[in-house]
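First up is the structure itself, then whatever we jot down about it.
Order of writing sets the chain letters: A, B, C and D. Residues in each chain are counted from 1.
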Amino acid sequence: MSSLAGIAVSVVAAPALPSGNAHAVLHEILTMLGQLADGQPGGAIDLRGLPLNNADFAILRDQLGRGEVSASVQAAGRLEILETAIPGVWWHTHYTHDGDIITEIIEITRFPDILASQHADISDGLSRLQQQLGKASGAKEESHV
Amino acid sequence: MSETLEQNLRSHGISRRAFLKYCTTLASLLALPPSAATAMAAALGKAQRPSVIWLSFQECTGCTESLTRSNSPSLEDLIFNSISLDYHETLQAAAGTAAEQARENAMREHYGKYILLVDGSIPLGHGGAYSTVAGVSNLDTLKKVAAGAAAVVAVGTCSSFGGLPMANPNPTGAVAVSDIITDKPVINVPGCPPIPVVITGMVAHFLTFGALPETDLHKRPKVFYGDTIHDRCYRRPFYDQGKFARTFDDEGARNGWCLYELGCKGPITYNSCATLKWNEGTSFPIQSGHGCLGCSEPGFWDKGSFYQPLSASTWHDIPALAIAAGAGVAVGAVAAVVSRHRQDSTSQSPTNGEK
Amino acid sequence: MNLLDFARGPGLQGALAIFLFGMTWRLAGILLLRRKTDFSVARTGDWWFGAFRLIVQRSLPRREFASATGYPLALSYLFHIGLVIILFGLNQHILLLRTYTGISWSNLPSGLVNLAAAVTAAAMVALLIRRLSHPVLRLISNFDDYFSWLVAFLPVATGMLAVAHLGGRYENLLAIHILSAELLLVWFPFGKLMHASLIFLSRGTSGALLTRKGAAI
Amino acid sequence: MSTLESEHPLTLDTPRLTVKAPLQRYDKQGDLSDGQRVEQAMRHFVRDFGATAATWMEACIHCGQCADACHYYVQTGEAKYTPIWKLEPFKQAYKRESGPFAPIYRALGLKKPVTAAELESWQELIYDSCTLCGRCSLICPMGIDIARLISLARHGMAKAGLVPHELWAVAERAKREGSPLGATAKVFRERCEWLADEHNTPIHVDLPRADILVSMSSIEIMKYPDSIVATARVLNHLGLSWTFRTDGYEATNFGMLAGNADWQKDSSLKLVNAAIACGAHTLILPECGHAYGALRWQGANMYGKPLPFRVLHISEFLAEQVQNGSLRLKPLQKSVTFHDPCQVSRRGGATRAPRDVLNALGTDLHEMTPTGDVNWCCGGGGGVVTIHRADSLRYKVFQNKMRQVDDANAELLVSSCSNCRQTFDDGQAHFHWDKTMLSLLELVSDQLIDTTATTGSQGESA
């Protein structure tokens, strides 16, 4: 992107008016949140798959706000997960290694699954730790010998 | 070769959480609901590491370049690295007989299960003599390898629609893969070159669901070719307002106005460039100030100047029109003379009406 | 060759050739008929001025006729002006005309053109309803009247659909729009659409002859 | 012809109130078969077609506006009276026979030949319901001169022998006797002699040389003979060299109205030759609308070359004399409304002349609405007044005129066309109306400041 700045082209974003889709998204969130409150599973909305423009995103950010939790995950690029001011509504932003947004998802859940440690990774970690401890105790034993 | 995809990834130090993130992105790309990501992760995780054979015919290697040019790990090289690319003339280390042997082996071992990717068109002229590998014509190779393939992906416009080799007067008699392979699922991923994630997306979709995704009338996956460049173009509001760049260096061009007048084919070109973009989402042609060439559409190479506006005629033979006008005058003159003659002949007829 | 390629290439060239051929045929066929010398002494010598005067003056009705012809005339003006705005104001059309004339001009804002198209279509529908319901018009209307209406309406309707991307894939909408305009070109010289050029001939002829007599024009 | 006359006796001279409404019928002359009639109609219609008429025929966009200009449509609301519809079969014939695409139409049979039945049913539209007033020619957005085209259509109808009987008989009698109403040369000469005596006014007849040849309408000779006296008085008052001539006095041209080009030419040439014979430099046409069109605008074309004399309508002549100060008039302190004869005003270009004269008479002119070039026709022109079966329709149309005259609210009603005058008189009698139409010429004659009226100048001495 920085190399483009050297070229005398100033790309002006066309002024976009809200498409009205933001409100449709908000109503879908409302429905899912209602289900979650009733003890049913919530759901997720892929914002990238919807025709939303910058104005629509601004409306969504404005309406949902910022909540108490923010998490950052480093896995194949950064992954930011924020709880919005509406508890139970989480905003996921996936970045590429270069820092560009690749996916944006709104998840309605008590806790996003991806933040939980995964079983496969836990067992990997377990064996890694075991290895490390084994190595460390082995070295100790050797020193004892 | 019994290693699953997940095992393979884990051995490369990719965490389950990272894999889940990939699957979420993949689901989003394939226009699947976010909840499908978990199911995809499960299916892909269990999938056998697939065998892929890549055949190159009349092509420029641009498609391979597109796929391999990512300079940081990304979804496409994740998939690409996890597959068993058993034959690819450009990328493989083996050469000569050993290379051909590798392909024979892969075909035998995975007969009916491997995925065939093809770039380049197939020349039919002179018995296929225009392009041969190891003394075998592209046509024969394609037929033989496709026979054992589970699915065929035509990568790039040449294999999808014929491409530049097919351009008038098509000296080699080039045809597309789907012109030859009619008894197998063939999916076209056109573009010159195609967007890399679309190529891997097709492989991922096949691995996850065991089938190729839904296609449009040109056998292109609808998820990537469902909208026109124009539909998703960030300059679309300028088009809607009637603001157009007239030259490549005028005020309109500097302001990033619509490139319709400079020949942009975005309105009739179905592809995802405007949303996925290129070079890890950096830009795409229109963003860099040049109109879309329409490279993912059949026949784009023979549709007149790239800089001819879409609404302008592609055939305006002014002298022929002048001849038509002249002929009209001549015919009209004859008609007038005939009428005059008929008037004269009536004036001599008996006027017995008055008695 | 797909539909759009046909429409933009041979279709357009062919339609234009037929258009020009038919136009010149019809005009030559009329103009080369006999003309009789008028030996009567003209009251005024300004027959050419009379021709010009009637061409201009008849564009608005005489005060005495205004109330009778106001409604259809207003509708006709609406849709003719609308057609002019659409044809010469939309950039896509200017670019097409540039192919043939080599000249171009600034386009109008799309919003204005879209409005003109909507008004044009509405006025045309209103005129069709009038033609179908007015006893005089119903009596004197023939195939030419209805077909010419259709042929003139189709490019407007298909053009609006193409602009709105409604009703199909854009390349098909565009192709149908161009083909409908080609149908208009092909039919133009053979039906009453020809009035676009005959209006000057007919008014001019009457203007010259009546002015010669000093009669009312 | 005498058999025809006894079969269909003419009743032109009797008041119309005595005439029972005749059954609707289609008149035919001659014994042509239907096929021959169609053939004749179409071919002769087409024969007169030049580039001018073709331009008009091609230009119609079927907008229907002409209906709103036509008194027949306005008064009846019947769509068939739409002026351009009256030409429908002829449009078809034109397209088949002379249009640019005629060879295609004929080859592919796209335009059906017109049938005899169609032509017969169109007789009413071409003759009974068109006075050739040309009002529709003013409203047409394409500028089509529909009235002129109807005249052409009448040529075809006449050749086919499909003219309404009375009109045909009138025209035929004019051709045979020199006058449609029996005003033969002998009758005319006797009338002039008698009137000269009666009114003590010199009326020159058959002077061998004269500067001005004056013509008369048979309607005037037979019904309004005072016009003859008035004409003589005015000319004598002016001291001009003038004469009537028995070899050319009849200005009406029913041959033209019926659509018979040969008879039209015959009538016109009599006047032309008489004017040339006496060396006249001016031919004055009487108070008759269609006479003006026939000679002023078509006379030279009948003659085949420019006429060696001027042609003036009597109102134009009077206006000219008013302008050059020769005509001295006593003021007439009355309000007047003027009915424009279509062929003189709208179609002839002499709309101003009668107004100049009325102005010189010191009258208070109350114009009708509309007036001048757009004034409504009285409904009697174009030969319609002769067609009996059209009477009821003509009365309907005349009511429009009556309303116009009443609305003008003037003491006197004046015009300068004896054909209109005849129509007004008939209408007046039919509706027991209180308005009587006066002749402009007679009005002028009555207001002359009489110094030399009885002496007059001698034609020979001029």
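In the analysis below, a residue touches a chain if its C-beta (ideal position, glycine included) is under 8 Å from a C-beta of that chain, and two chains touch if they have at least 3 such contacts.
Just so we're clear, the structure is a prediction, and the values are computed from it rather than from any experiment.
Q: According to the touch definition, list the chains common to the neighbour sets of chain A and chain D.
A: Correct list: B.
Q: Between C-D and B-D, which chain pair shares more contacting C-beta pairs?
A: C-D
Q: Please tell me the distance, in whole Å, between the geometric centres of chain A and chain C computed from their C-alpha atoms.
A: Result: the chain centres lie 60 Å from each other.
Q: Between chain C and chain D, tell me the centre distance in angstrom, where each centre is the average of that chain's C-alpha atoms.
A: 39
Q: From the C-alpha centre of chain B to that of chain D, how far is it in Å?
A: 80
Q: Could you please state the distance in Å, as a whole number, between where the Cα atoms of chain B are centred and where those of chain C are centred?
A: 42
Q: Can you tell me which residues of chain D touch two or more of the remaining chains?
A: 49, 98-101
Q: Give me the residue numbers in chain A that touch at least two other chains, ranges are fine.
A: Where chain A is concerned, no single residue meets two or more other chains.
Q: Residues of chain B that contact two or more other chains, please.
A: If we look for residues of chain B contacting two or more partner chains, we find 241, 332, 335-336, 339, 343.
Q: Check the chains against each other and report every pair that touches.
A: Chain pairs that touch: A-B, B-C, B-D, C-D.
Q: What residues of chain A sit close enough to touch chain B in their complex?
A: 1, 4, 8-16, 43-46, 48-49, 73, 75-77, 79, 92, 94, 96-98, 100, 102-103, 105, 107, 113-114, 117-121, 124
Q: With touch defined as at the start, can you tell me which chain D residues reach chain B in the complex?
A: My answer: residues 29-32, 36-37, 40, 43-44, 46-47, 49, 97-103, 158-161, 260, 262.
Q: Could you please specify the touching residues of chain B with respect to chain A in the complex?
A: 6, 10, 14-18, 20-22, 24-25, 27-28, 31, 33-35, 38, 72-74, 78, 234-238, 241, 253-256, 280-283, 287-289
Q: Tell me, which parts of chain B touch chain C in their complex?
A: Residues 228, 230-231, 239-242, 244, 260-261, 267-268, 298-299, 303, 309-318, 320-321, 324-333, 335-337, 339-340, 343 of chain B touch chain C in their complex.
Q: Per the contact definition, I'd like the list of chain C residues that touch chain D in the complex.
A: 25-36, 38-41, 43, 54-55, 58, 61-62, 64-65, 68-69, 72-73, 76, 134-142, 144-145, 190, 192, 194-195, 198-199, 201-207, 209-210, 213-217
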